[in-house]
Amino acid sequence: MTDRALVPRPRRLSAGLALRRNGAVLALAVLLAFNAAVTPYFLSPGTLNINLTQVAPIGIVAVAMTLVIATGGIDLSVGSLMAIAGALAPIVYAAALARFGSAGLGVALSIALPVLAAIALGWLNGAVITRYRIQPIVATLVLYIAGRGIAQVMTNGNVQSFAQPAFGFLGLGRILGVPFQALLMVAAVAAGAFALKRSLVGRQILAIGGNERAARLSGVPVVRVKRLVYALSGLASGVAGLITVAINSSSDANLVGSGMELDAIAAVAVGGTLLAGGRATVVGTLVGALIIQLVRTTLIANGVPDAAALVVKAALILGAVWIQRQGRS
Amino acid sequence: APELPKLAKKATYKVGFAQTESNNGWRIAETNSMQDEAKKLGYQLVYTDAASSAAKQVADVNSMIAQGVDAIFLAPREEKPLIPAIMNAKKAGITVILLDRNVDQKLALAGRDYLAFIGSDFIEEGRRSAEWLAKATDGKAKILELEGTTGASAASDRKAGFDAAIAKFPGMAIVASQTAEFTRDKGRQVAETMLQAHPDATAIYAHNDDMAIGALAAVKSAGKVPGKDIVIVSVDGAKEIVELVVKGEVGATCECNPRFGPKAFATLQAYADGQSIPPLIINADRFYDASNARELLPTAF
Amino acid sequence: MPPLLSMRGVAKSFGAVAALTDASLDVARGEVHALIGQNGAGKSTLIKVLTGFHRGDAGTVSFDGAPFEASSPKDAQAKGIATIYQEVNLVGFRSVAENVCLGRRFSKLGLLDIGAMRAEARRLLARFGLDLDVRRPLDGFPIATQQMVAIARAIGFSSKLVVMDEPTSSLDDREVESLFAVIRGLKADGVSTVFVSHKLDELYAVCDRVTIMRDGATVRSGSMAEIPKLDLVATMLGRDLKAVAQGGTTGFGAKGGGARRPVVEARNLFRAPLVSDVSFAVGAGEIVGLSGLLGSGRTESVRLLFGADRAEGGSMALDGRAFAPAEPRDAIAAGLGFCTEDRKREGIVPDLSVRENMTLALMPRLTAAGIVDGKRQRDIVDRFVRRLGIRCSSPEQPIRELSGGNQQKVLLARWLCTDPKLLILDEPTRGIDVGAKGEIQALIRELAEGGLAVLMVSSEIEEIVEGADRAAVLRDGRTVAALAGDELTEERVIDAMAHGSTGSAPC
Amino acid sequence: MNLLNAPTLAQRERGLLLLGRYGVVLGLGALILFGALRYERFLSPFNVLSFLGYNSMFALVSLGMLFVIATGGIDLSVGAVAALGSVVSALASPSGEAWGLAAGVGTGLAVGLVNGFAVVRLGIAPFIATLATMLGARGVALLAAGNGTVSASYDSGFTDLGQGDVAGFPVPALVALACFAIGWVALERTAFGRTVLAVGGNEEATRLMGLPADGTKWAVYAVSGALAGLAGVVLAAQFGAGQPIEGQGWELFAISAVVVGGTPLNGGNGSVVTTLAGVILLGLIFNILNFENGLGTVSLSAYWQSVIRGAFLLLVVVAQAKLVARGSPERA
């Protein structure tokens, strides 16, 4: 009787493993190389600037989304919160100007109040989720549906012109030649990455995402941490909404932030964060956001029609996430 | 084929207005115009919004039929999918007037299946924009085209009209054409990227005002002078863009007036009075450029 | 006659961790075969390679006289190997009947015959003396019942070999007895059983032969009768026979004496439906046992103390002051620690490292201005890894990759490092090998001697009797006996569990 | 040994649980009653039948979504797949209704298999996998349709699939009803259905129990894709055109309907009947808003409609959560 040997499996080459572990970075490098070779005028400061300004809102929202996803949640309402914050800014400015007569105070309030409103709504998401134990996807779906409606009701659907120069700095300003919003994004990424790695709340976020019951029994304030991440998501959405308004010098409640939830979630996933929670990387998310932005630029700059662009995007998301997974298993 | 439904003469009517969507200024202006006119006449208006879905719009029309309205104003989302709604209304003996977009005449014929179409000719808008641009640039231009939402008839017709007219000028070429979904933000982003990849472009054609305004921001942030380095031409002609034409930042815009209220209700009344109604009522849209913008600005919508 | 199952030279690595290096296992027809080894020796891994859940890296397997390779558990099942995996692995939401019958054919005309499924489930469970409402979701039943359902399910497949990976870790004595009856029944039908357990008495009670594993390799196998207990333990631990002979059966050592200042006191706790009237007290430096049959409400009671659930009646006091934690973190802040019985669901955070898991409860105290002090954290972790002898490739290894026993040690360390006043241990040695078990018990005693108050829930009466200074016995959610000193004997405890007689010592 | 038997739930708790589970049916009844009393022709055959015809498409995608959600997954691609299905079936419709039907359903099935592949083989989270196919299917639909709508053939009998009726009852509604009946049997009375729920309840355990967890996941995405394709066929047939940009937000409608129907998103549970009630309930909101506008007392702007829908969804899920929480003995 001959026993059949269980086939031994060859060990993977460690170089290949390393490459795959950084799959998202690899994908980004490939995209950059491709563009450098193919896209006209790609390697120019102008292009860099444009990409940085365009990626900033996605990046900022995606960082917060990473934290939300790390707790095992998800936030579909980010785009709607952007719209609400964006709709509020010109309204607040006009009201403040009429009441106090000071443009400076008007700008300060038109930044502070909308962001506060977005934080409050984000916190509300968290409250609904923790108070009634409703699935995050459903709880935030509520504001996804209703939030834009609220913004539209506030403005009656009209586009509000808002060309206040000081406010416009959010979207149009430069510091040492770098777009201000890009700096905001970098700050958000740095803060997010540091918090997740080194701060108490960061570890608690991961513990909740990994095993909520165990976390609670270990003294993690589950409810508080969850509300915090959704409030942070609100904060990020609020800021991103204001940036979008600033750069367009106008606020359109119908469109500000539309589709942002999908872009942000895709950035998080492409970056290598586990959608089920418990494992997350903020820097990966930044890479993911850059990939998504670069894909967009590549397709537009090379004149790929919209329909085909969608198919390419789909393949890229699947590919990037798949490469990521290879690194882990 | 059975006759067009009749409309009895009454002091007041219950009419439906099935709007396509309300996510841009143009649609909002159209809705407001319809609502204002209904209020002025003392008619009861059943207003629905299809949220960009042709299928929902059919359901909306059906619910108006169920409610027994006297007439329906329909701004059809699409050329073909709305046919069943029109046929249902006809079967129920309800007068239908189409606004701003027509339906496929092979499937439902104006004057036979519904009373009339009132609106603009999108292809014509594209053609007029192209011809103005040819004149303004002496037939020499490298054009960036910002398309409307992929699949929308306003987008494909405005593109078709423009592209066909441009083809007659050997010195004019469309160097890039991408959708920016009729929105200001996308218009800016897409134009930014296009301008970067095609620094030699000299003109931008946008399928609506919002994208043109977004593109204008992109032109400025690329360090170019609008009107000098880059000529912008768009379609719609809202007050905001006519002001920019006056300022010289936008070259020209072809009007596509959303204020359908007065004409739509007048047509309905004329029909009730027994007058004969032409099946196609095309708006006499204006064309704004530097020569007339200042003068016409007060009358822009 | 060739053995029914023969595995030779099986190896399996997970990345850098070599779980199996050279494992062998021979099981004869109709025999009950014990598989033992320390935590992390590779028993579960060997079983999962056999059933196709893992793919082995090397080795040969033959089964029923032919080369054997299962591509999946389903395949193994189809080929005659039914398996009960370690930790209850069933679908909690679904009914008992469904869980028992899933994967088997119960259809008429392509549609499920639900009546037949229920009847089959009742029939199988009856073999264990269980009479359940099989339509109810499995979730609602105690873990012990769930474990029995898992066993019943495996028995239901008419197979040649039944593999049981620690089936008794959450069963009490009576249930273990009925399981043994079933195993003997299988044996009579010529079905072989592989039986994994850390409870040596059980092995001697039911097994014919034994295979001993150490560090991923098989080190010895032979007839159960020929290997005395001490020899078995020594081989398993890889230690000298004499060194082992010196210890007792449990590792507790001498008891502390005298009454102590009470640290915590609970009076007439009530919370529907499982806790009706529970009282106990624990003093500094003593170990108080909480005994009772499965489902008697022990876990529910200590959860109230820890703030995991809120008491609906009764009172608690900590250091003489009224104590009513609303959340576990209140209890932790007050100096309590709680090692839960359900490791997988309430203990580990699988993706986090050993380091993060161990310091989860301590973390707020390792934090300045919201930032974790990484160095202190590593120091503490290193100390406890060494002190408890935790086997891991590094503190950065995800805890899910550790064997069950080592996970348990990490969780114990999670609380020890918070330096608590009172430590609640719910089944602290469940699923832990005798070596580690002795260590943990000794450690508990040592901690108590250092002044720690310990409240220990255990289903092992031996553990209570030998380990605890005093004990409370629960029955149907009521404290029915409080035993101390000489009263604390196995007979008294069993008597109280069964009949509810009351001891004299105030508790 | 009834010690091991968990305590039976009090009658009241059981009642609350049932109310949580079937409350949607009561809610539906209440809403219909409200409509019937308030609006004159609310229950007129024309309104009822056209309502059913239109909502049949949502019913089909929601049924597929239910199966996916029951395994603990999610399928965001259903709306785009329906659009793609409508285009393909419209293109095939001149060859006859059978061809149109087969083409639409087949296309949906194919996308469903891609989803299954991505989720099972590539191990990509369902949310992301189906987000990608949502984009991809939309792109292919636009490409196939040349960026416009595609006429369906009115001559080949294809449009009867959408516009025809059997004894006055619209064909799409009959199709949806039949699918729900089959879906009910499949989920409640077949080994496949039980495995679907088992996978959702505890995937690893299901695998260890020797059940075909992977195959089942492939299957639910395939089913969801095929049903979305069928919804696309109905779309094309009912409106006489393949519409590549239709179906936006259908996935959210379907998810809402499943959730309102009392099925939790984490899998392991699922009810076909209450999902249907959820679909009708959500659909009725639009219908009632239209009728309310017709009364002329208040004219709600379109924007209020989404606010009301959101608020309604919140109300329903909170009510459900409260009932279930009070009725369930589950510990925290």
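We just call them A, B, C and D in the order they show up, numbering each chain from 1.
We adopt the following convention: a contact is a pair of C-beta atoms (placed from the backbone, for glycine too) under 8 Å apart; a residue touches a chain by one contact, two chains touch by 3 or more.
These are the chains along with the protein names UniProt gives them: A, D = ABC transporter permease; C = Sugar ABC transporter ATP-binding protein.
As the structure is a prediction and not an experimental result, all values here were calculated from the model.
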item: Chains contacting each of subunit A and subunit C, listed by label; value: D
item: Furthest chain, CA centroid comparison against subunit A; value: C
item: CA centroid of subunit A to CA centroid of subunit D, Å; value: 29
item: CA centroid of subunit A to CA centroid of subunit B, Å; value: 34
item: Where subunit C and subunit D are represented by their mean Cα positions, the distance between them in whole Å; value: 43
item: Residues of subunit A whose C-beta touches two or more other chains; value: 152, 156-157, 213, 216, 274, 306-307
item: Overlap residues in subunit B, where contacts from two or more other chains coincide; value: 22, 150
item: Shared interface positions of subunit C, touching two or more other chains; value: 308
item: Those chain pairs that satisfy the touch definition; value: A-B, A-C, A-D, B-D, C-D
item: In the complex, subunit B residues that touch subunit A; value: 22-25, 28, 147, 150, 176-179, 183-185, 188-190, 192-194, 196-199, 210, 213-214, 217, 221-222, 240
item: Partner subunit D, residues of subunit A touching it in the complex; value: 74, 128, 132-135, 137-139, 141-150, 152-153, 156-157, 213, 216, 262, 265-266, 269, 274-276, 306-315, 317-318, 321-322, 325, 329
item: Residue numbers on subunit A that touch subunit B, as the complex places them; value: 39-42, 44, 46-47, 50, 54, 152, 156-159, 161, 172, 244, 247-250, 252, 254-256, 296-297, 300-303, 305-307
item: Contact footprint of subunit A on subunit D as seen in their complex; value: 74, 118, 122-125, 127-129, 131-136, 138-140, 142-143, 147, 252, 255-256, 259, 264-266, 301-307, 309-311, 313-314, 317-318, 321-322, 325, 332
item: Subunit D residues within the subunit B interface of the complex; value: 39-42, 44, 46-47, 50-51, 54, 57, 142, 145, 147-149, 151, 154, 163, 235, 238-241, 243-246, 248, 286-287, 290-291, 293-294, 296, 299, 301-303, 305
